[in-house]
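Chain naming follows the written order as A, B, C and D, and within any one chain the residues start at number 1.
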Amino acid sequence: MSSKLIAIVAGVGAGTGAAVARKFAATYPVVLLARNPDSYQSLAEEINASGGKAIGISTDVSDSKSVQLAVDAIKKEFGSDVAAAAAIFNASGGFMRRPFLEVPEDAFTQSLTVSAKGGFLFSQATLPLLLEGVKQKSQYPPSLIFTGATASVKSSAQMSSFSTGKWALRALSQSLAKEFGPEGVHVSHAIIDGVIDIPRTKGWLKDAGPDAKLSADGIANDYWYLHTQPRTNFTWELDLRPAVEKW
Amino acid sequence: MSSKLIAIVAGVGAGTGAAVARKFAATYPVVLLARNPDSYQSLAEEINASGGKAIGISTDVSDSKSVQLAVDAIKKEFGSDVAAAAAIFNASGGFMRRPFLEVPEDAFTQSLTVSAKGGFLFSQATLPLLLEGVKQKSQYPPSLIFTGATASVKSSAQMSSFSTGKWALRALSQSLAKEFGPEGVHVSHAIIDGVIDIPRTKGWLKDAGPDAKLSADGIANDYWYLHTQPRTNFTWELDLRPAVEKW
Amino acid sequence: MSSKLIAIVAGVGAGTGAAVARKFAATYPVVLLARNPDSYQSLAEEINASGGKAIGISTDVSDSKSVQLAVDAIKKEFGSDVAAAAAIFNASGGFMRRPFLEVPEDAFTQSLTVSAKGGFLFSQATLPLLLEGVKQKSQYPPSLIFTGATASVKSSAQMSSFSTGKWALRALSQSLAKEFGPEGVHVSHAIIDGVIDIPRTKGWLKDAGPDAKLSADGIANDYWYLHTQPRTNFTWELDLRPAVEKW
Amino acid sequence: MSSKLIAIVAGVGAGTGAAVARKFAATYPVVLLARNPDSYQSLAEEINASGGKAIGISTDVSDSKSVQLAVDAIKKEFGSDVAAAAAIFNASGGFMRRPFLEVPEDAFTQSLTVSAKGGFLFSQATLPLLLEGVKQKSQYPPSLIFTGATASVKSSAQMSSFSTGKWALRALSQSLAKEFGPEGVHVSHAIIDGVIDIPRTKGWLKDAGPDAKLSADGIANDYWYLHTQPRTNFTWELDLRPAVEKW
């Protein structure tokens, strides 16, 4: 199955990652990366059942060996000359709001490990495939997209464990955008500034009206739009928030 | 011709403004504002000839009386209950790079007058029409889009006359996004970071390859995309630059 | 009285400007600029009575003729080869929080006129004197300092008339810092993020404790510190806020 | 030796850290932390010989056990109720400019480990001592100061390993400033934007004139100034660069 362009999504749960995977699966075979098969199994089945193609690979993005095994599995499935049209990094260390002196070292480093080191390993693993996509003259410029948050640009009190990872990831994305833009790879960073409407947030913001939460499908559309921008008009960063959000 | 949604574009020359007008004309009647009929006449004819509808109104956006006359003309043409789906502010004071002590007062104030005061008057004139669009439940959230530049976020040596106007316009757009987002109007600011490929820049960046300049049609697509974002996923700001741009 | 270095302060009322003038008057003769003699008269008397030297000049910083007359008066007083050690722009258009559609054109343009055009005229008038200070090898690098606010970096809803002027002034200061740093003039911008403790704010923040407001004398110290930084260690921007401020 | 206020400096080599230690040693006993005794031994001797007091402790700031041992050693030396007037984090992971795909995992994580995790561990270790300083009513508000760089606010191509750590550290400092300012601890971040004049950079920028490099003693003065700001006028962030620096 050589010379086929694929999309790779890291961090697929019941929210943004799944919506993004569904969106890109309409055009590309998708590879779903998550630590736990529970996170991708039903999604892969759904995509495969509806005419798309998806494979899930249990991967810890913060572990270089695990990431290398994922690349090996991708090449085994799609051929050693497999190229990527898109790679989306949607993984995140655990959100925590806690007085600084009570933050356990493990919690602090876990955010850095997933967001920063994970972002690094994912980028080193997928950029060669994205550059191969450039070489194979993909219809749209191959895209590497990172999911950011309010905490990517603002570091609130009691939030340092989350924000340090997110600021580091944003720095990574900016450096990569500058280095790989001229190579034809489109690197973007989306600042998700609000609550995303997913099963886990069902009861949140109940009194704020029907549009108080970001739509995960909407984010998927936004990522797809970034992906389709031509080489002349690359966006590195955009923010996304509900109309009613205070900011 | 009541309950018709229109799009209003200020600053239509041979470049971005014209491309944006063409793009929005595929869906809405467009109103073209420019000081000089030369700037909009052939464009209006082209749009009208190709099945769209366009009218041009000679307007100095930095003069409140002139802006009021434009609103009167719009209401005369489209009815007093006219609503706007989009208003795009693409006007700009003259770009100037000159040692600060040699910048004439007129040149400095002209940038402020067009960008900041012009942006203010244009917003006060069009926001009531955009709010009317919200009331009339337009398909897409009514959009107020401002064209920014590299100089909107970076104030280089010898560039203060241009950057002061652009920073002020960005401040205006951020304040309006926060105030009118909850009202249903989508306010955005696009940072155009590079040279746009228009007749005036034909000879520029010749050695930098075919994609070294931003596509004006691409910018129009980007503005259209912003316009179609749903209430749950508003972008205030995005940057746009050629893949090969150094930044 | 030639080859004497002076300090010039624009915007001296009962608050920051007066404190800054007092501080710099300990070292330099000071020139106090304000539209109304009421704003500088008693301050000038106080400084002169306590062994310093101060003159007040009624000046509208947003009017180029008025600014030119001030420069003429300075040269008449201190000699045509007068040099400046410091020029501090502390003027500001009126603060206003009001729904955007109710902001009068005059109020909007007044902020731009004072902050942006005033900053421009003040800079064009004082930079030649500051450059003369470089030539005369002043002990400390001649300093041009601008007073900013929270609204210089954040444009809140209903605050656009104030923030547009402040963002423009910040852009001016950044451009000047880049152009005139290499010439030996130190250009700085201070973000005053909080309420300043002055007569007008006496009753404010009563329940927030004794240190909830910025000290005007403290700001004066901060400006003096900026002034004394050597050529190797120039600060363009710093923020200043009470320890208890939420941000 | 109870109720004595100390200063703690992490990252003392031949440059900024040493200059900062000398400056603060004029007022406080100083604790010098570095991995290698070579980095602090002669400095400690110099300070002790010139009438100050300094102790060096071999510490790996990225290792929680090592940091805990340092705190134990401090308490043994200065008493269990020791309080800190200042804690300065000047450590940094290795600077590296290299094509992203050639950056070894170790190099990438080392920057995160020293800057981000090290900053975290140093802050958790010193904040209790700084809060004790507040309780003991130190003359100046106890200060926690972080050394940043150009790469703290700008992430250039091929620089992601350095910038990710530096952005994370800046996020940490902002969060701590917001949380601990109201507690009376002054948290600051200095953006050092240029080459520092230290033995290692002796041959650099030779043609750029005598003032083309930042003075390490100047930085020490700047940190001391931050330390002396009163509770009403805290600076979180300032930038520092030579007058001639291009930016």
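One rule holds for everything that comes next: a residue touches a chain if its C-beta (ideal position, glycine included) is under 8 Å from a C-beta of that chain, and two chains touch if they have at least 3 such contacts.
None of the values given here were measured: they were computed from a predicted structure.
Student: Could you work out which pair in C-D, A-B or B-C copies the interface of A-D, where over half of the contact pairs coincide by residue number?
Tutor: Selected pair, repeating A-D: B-C.
Student: Using mean CA coordinates as chain centres, what's the chain B-chain C distance in Å?
Tutor: Result: the chain centres lie 34 Å from each other.
Student: Quick one: chain A and chain C, Cα centre-to-centre, how many Å?
Tutor: One centre to the other, that is 46 Å.
Student: Mind checking the centre-to-centre distance between chain A and chain B? Centres are C-alpha means, answer in whole Å.
Tutor: Once rounded, the distance between the two centres reads 32 Å.
Student: Please list all residues of chain D that touch 2 or more other chains.
Tutor: 178
Student: How is the touch graph of the chains shaped: line, ring, star, complete or other?
Tutor: The chain contacts form a single closed ring, each chain touching exactly two others.
Student: In their complex, what parts of chain C are in touch with chain D?
Tutor: 141, 178, 181-182, 184, 186, 197, 211, 213-215, 218-219, 221-222, 225, 229-247
Student: List the residues on chain D that touch chain A in their complex, please.
Tutor: Within the complex, chain D touches chain A at residues 64, 99-101, 103, 105, 108-109, 112, 116-117, 120-121, 123-124, 127-128, 154-160, 163-172, 174-176, 178-180.
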